[in-house]
Amino acid sequence: MTTPTLLPDGEPQAGGWRRGRPKYLEVRNLSVSFDGFLAVDNVNLDVIQGDLRFLIGPNGAGKTTVIDAITGLVPATGSVNHTGTEILGRKVHKIARLGVGRTFQTASVFENLSVLQNLDIAAGSSRSPLQMLRRRKSVEPAVEEALEIIGLAGAADKKAGILAHGQKQWLEIGMLLVQNSDVLLLDEPIAGMSQDERGETGELLRRIAANRITLVIEHDMDFVREFATSVSVLAAGKVLSEGSVAQVQADKKVQDVYLGTAATEGQ
Amino acid sequence: MKSLLRGRLGTVAGFTLGAVLLLGVAPALLPAFNLGLLGKFLCFAIVAVGIGLAWGRGGMLTLGQGVFFGLGAYIMAMHMKLADASLFGGSGVPDFMSLYGSGEVPGWWEPFRSPAVTLLAVVLVPGLVALVLGFAIFKRRVKGAYFAILSQALAAAFAVFLIGQQATTGGSNGLNGFRSFFGFDLKDPNNKLMLYMIAAVVLLLSVAIARQLMHSRFGELLVAVRDQEERVRFLGYDPATVKTVIYVAAAVLAGVAGALFVPIVGIISPADVGVIPSIAFLIGVAIGGRGTLLGPVLGAVCVAAAQSSLSSTFPSFWVYFQGLLFVLVIGFMPGGLASLPALLGRRRRTPPEASDPVAPPDAPDPDVEERATKPEEVSR
Amino acid sequence: MRVSVTKRAFYSLAAAAMATVLAGCGSQIADPASAGSTASSGTSCVDTSGSSIKVGFINSLSGTMAISESTVFDSLSLAAEEINASGGVLGKQLEVISEDGASEPTKFAERAGKLIQQDCAAAVFGGWTSSSRKAMLPVFEANDALLFYPVQYEGLESSKNIFYTGATTNQQIIPALDYLAEQGTKSLFLVGSDYVFPRTANKIIQAYAAAKGIEVLGEEYAPLGSTEFSTIVNKVRDSKADAVFNTLNGDSNVAFFRQYRSVGLTADTIPVVSVSIAEEEVPGIGLDNVEGQLTAWDYYQTLDTPANKKFVAAFKSKFGTERVTSDPMEAAYTSLYLWKAIVEKAGSFEVDKVQAAADGVTFEAPEGLVTVNGENNHITKTPRIGKINAEGLIDTVWSSPAAVEPDPFLATYDWAKDLTK
Amino acid sequence: MELLIGQMFAGLSLGSVLLLAALGLSLTFGQMGVINMAHGEFMMAGAYTAFVVQQAISDAGVSLLVSIPAGFLVGGVLGLVLEAVLLRRMYHRPLDTLLVTFGVALILQQAARDIFGAPSVDVRAPGWLQGNIELLGAPIPLTRLFILGLSLLCLAGLVLLLKATPLGRRIRAVVLNRDLAETSGVSTRRSDQLTFFIGSGLAGIAGVAVTLIGSTSPYLGTNYIVDAFLVVVAGGIGQIKGAVIAAFALGVLQSVFEYSTTASIGKVLILIVIVVFLQLRPQGIFSLKTRSLA
């Protein structure tokens, strides 16, 4: 492996890469039901490498459930195809190993481990048993790079539990990076962040999304407007509309659903 | 204390100190009887090292270590019985079998005539049993309280089973009356000293292995699994594998401890492997500090020593004391005595890298994480 | 490969440790013939210089067996007190060191070791369950020390280091069977706790029954401490046996008799002969539930002998009038006096001299005159069948005409030839 | 036939004892995730309550009827104290409650020995519970019938309480989602205490009941605790319905196993059945849509 570069050149753009054979995530007829309640109803989504797709919708629209279904947490029907590989129906850790990574609404880092240890674990699912049983002698280049990118290089030896809320979210994103996922599924990454932190997070997202398949759940419409290259709107388990931010906002159906609720709420 | 022993030098110093104390000072100072007792305590300490790994580090409350301890012990005891029978009786049939059974050695005893098979089996049988159980249990995501109760039920079943098979396992009498250990005369004080020394060396070895496991990447992953099992899956690991590995390690340690217990103490019976002894294994670990390396060892030795010295003089007081220990230590000082300096001092100081992080005693509320992964639609 | 400082240090330590271990090695058993006679480790450390002599009591004062064993401890204490009051043994006062066996065989072995090696007790008294005795036996043999074991047991054992003052099978179980046969019993149902004594006892009963043409209609075991007897009781009732032979232990008896009675079985329909229920156990079971049932022992509180009257009175004045005396308590009381008699005959506390002097020593025990049989270290006893009366005490309904010589291996019984292969 | 009915009833009867022992456990385990190893000792306390009451009221029938509410109170109060002193600080670490309550169990056992003595005491069954009725030739012991009835009564009472009272609704809300209940203004503190009181009180009643069939000794609880937990686990945590099915299924199974093999092997077989069952359904017979423990 050459020196890993977690950060690609360039910016994400609507529709993703135009050259070569981009990677993609193709969701077809995805449905999830809980005791007869259809939380996700025949959802279709296509996200191409290099696109920074936001998934928005009112509370209870099924956004998180879509991600849960893709990552194998809840059983679902339909199909999720990651660049030619069907991932639906596999076990959670197998899906993760196929390059699908996610974060959680409430940051889920390992609070009793240091930042460095968190990243090292995230980077290591393919290590051999012998490597696992050894002590970590040095910091892997990718981990080091991720520390820089998420701005926690100075806090590498701090327990993750004492990090600020925003820093935890960044750590999770860092874990995604070293995990070598090419599908990033982020669940409200800026919830609870200050205005400055939001900006920084947005920039970080744009930087890492340029060569990845990125799907972000978000409520904050200002944030969406500023950073999304494309948007899907979910309501009552169905995809309502899809396109650029402007296109979606102009959509009558979307306006009906939101009726000035989520579109203006900043949570 | 632990912070003094930081870094490699500290480790070397610590091990040297431990070795000098166990291998030099103790045999020199203690009378034979007390040395024998200490040898027994060291066996419990070896079990405790394993429990420290599985419970303290891995978050698995194993209430069934008696099963693995018993497997190791009974395998060793069967070998010693068979060896004695051919050495002394000549018939090759252990005495109790002609008393209670058909007077024939059952087939499943036969492999343990061989010393080599016995030594291998002492390690492999508990390991394999734990492997099968672990995979079955953890793959089905049985955890937490379910796992604890299940492991306890296994210990109960194991003891009941042993008691029921009087003709082949000695029933409630267990196996005892050994005269030789791999050809060494057990009456000879020098050989008793040797047994003690072996136990001490094995303990030092297990601490070294536990230390390596704790400080390895695997050890870090284990803590991650303990705290947030579900989260680890999303990083591409199967927590079941991680847990099984440490469960097996703990089982092997318990098995080896059982195998040493038999020649040192001279008896193994179902009363040593059932529900109560299995829980009793835990108290030392909890007192010493379940998440630490040395806490379980010191805790196990101290509790066993206290029991030995107090229980005969004040039998009823001892039961109260033991109960209170459980209540006070686990209820009010979950980090064990190892957390005492921290509790008292509360000095702000970044923990040195080499020191063992005193892990919080318990997996954090699973709710926190579950809420995060839980579809918001259902909780409505 | 680079070995870290830690590891290198550890390896050298381990090597050093192994060397120490190997250096510590003692004799290997090269010649099995001589191995048996390997000199025992500790020459006796018993201190006979002072005005007192140490003896050890080992009983379960905690755990499930404490119920029974604490009574034995009480009567041992009584005997020690009486002996001390009357001048001690060979002029030395007894200094009692008491240890708790905690109802665990392993604990018994460990504590017995302590009494012998650390406290240097001249003799040790106690033990109850077969497993506790089996656990202690090698300890006493290895250290060449003395144990006085006061409880009826399953026989098939004899050791020069153990004196058995409770009944062996031909002083309790076989007389009980003889009695049943005499009463015209044609079929039996065996119920016992799942451990050594009941299983061995039942093996003997099976052999006896086969020889005497008694049909054994069932043999059931309940786990120790079990309180669920519906199934067993149903099986007994269904078998329509003439009698039940009960070797259940401890609390299981309570559950068994309650449930036995609740399906309509009583002493009148199918009588039960018990070998582990003594006066102590009756109140816990509930008199209603066991009144009229049979027991087999060698001693009952109601025995009309001068020695017994004295014993019962002394016991009640020391421990309270509500307390009762039982066979194991009497055997324990007797054991201390027997040891005193043997020591005084030998004129020494030394183990080999005591062993040599034991044969023929007698004591006028509460149960009657007992004599030590030096061949097997058991004592003669008088088997008695009792019936539980309305006060919860046990009346003798049949008694052996003379004391019975102990025969632990049942060598004098033809039908028992195949019991030990 | 006679034997078959006898055995069927033995199974049901064993099941009813298990149910009685497990009912309260299911409640406390389900609601709070507390693994109360002292539950068996609460039973023991109930049993000794029956003994004490019988000392005061010599009529066995009256004393039995008085003992049932008294046992409930004694068990319940013990539970309340345990909850208030120890467990309330431990809800976030359920596994540790197991060990703490084990310590409490040891203390209670020893206390019982010191107060009542090591030998078991006699609690007489009332005259109207002596004997049996015949069902197609099989004797059905009246004590067993009484326990079966009592357990069904307790079950009905508990279900009624949970389903039809505001208190019950609060308890159920907490079982389903502790945080949500808290945010919607349900005082979890109060409902925790009440649940623990009721659950432990049921243990007290169970203790009174088993004096009719077994011995009243300091070790009474240890005979039931492992089995009771297995019932709860096999039934599904927090599932009264599951506990009922599991208790009777285990009771009948154990009778069958015991009849066809031996008591010891039967016990081992039961444990194996449960382990295998949990392989197939790790969440028990019924699983609750809560993520609080599993």
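Letters are used for the chains, namely A, B, C and D, taken in the order the chains are written, and counting of residues starts over at 1 for each.
One rule holds in what follows: a residue touches a chain if its C-beta (ideal position, glycine included) is under 8 Å from a C-beta of that chain, and two chains touch if they have at least 3 such contacts.
Predicted model, so just to flag it, every value in this text is computed and none were measured.
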Problem - Innermost chain by mean C-alpha position - result: B
Exercise for the section: Provide the C-alpha centroid distance between chain A and chain B, rounded to the nearest whole angstrom. Expected result: 43
Problem - Chain centre separation (chain A, chain D; CA means) in Å - result: 48
Completion exercise
Between the Cα centroids of chain B and chain D the separation in whole angstrom comes to 32
Fill in the blank from the handout: Separation of the C-alpha centres, chain C versus chain D, in whole Å, is 37
Problem - Per-residue overlap in chain D, given as positions that touch at least 2 other chains - result: 113, 262, 264, 267, 289
Handout entry: Interface hub residues of chain A, defined as touching at least two other chains
Key = none
Exercise for the section: List, in ascending order, every residue of chain B touching at least 2 other chains. Expected result: 160, 163-164, 316, 319, 364, 371, 378
Completion exercise
Inter-chain touches occur between A-B, B-C, B-D, C-D
Fill in the blank from the handout: chain D residues touching chain B in their complex are 29, 33, 35, 86, 89-90, 92-96, 98-100, 102-107, 109-110, 113-114, 177-180, 226, 229-230, 233, 237, 262, 264-265, 267-268, 271-272, 274-275, 278-279, 282, 289, 291-294
Handout entry: Sites on chain B touched by chain D in the complex
Key = 59, 61, 63, 136, 140-142, 144-146, 148-150, 152-154, 156-157, 160-161, 163-164, 275, 279, 282-283, 286, 316, 319-320, 322-327, 330-331, 334, 361-367, 370-371, 374, 378-379
Handout entry: In the complex, chain D residues that touch chain C
Key = 2-3, 6-7, 9-10, 13-14, 17, 113, 118-125, 130-132, 139, 141-144, 210, 212-217, 219, 222-223, 254-255, 258-259, 262-264, 267
Fill in the blank from the handout: Within the complex, chain A is touched by chain B residues 212-213, 215-218, 220-221, 223-224, 227-228, 230-239, 350, 353, 357, 359-360, 364, 368-369, 371-373, 375-378, 380
Fill in the blank from the handout: The chain C residues in contact with chain B across the complex are 4-6, 9-10, 13-14, 16-18, 20-22, 24-29, 32, 35-36, 38, 40-42, 61-62, 66, 98-100, 102-106, 109-111, 113-114, 117-118, 129-131, 134-135, 137-139, 142, 156, 194-196, 199-200, 203, 221, 223-224, 420-421
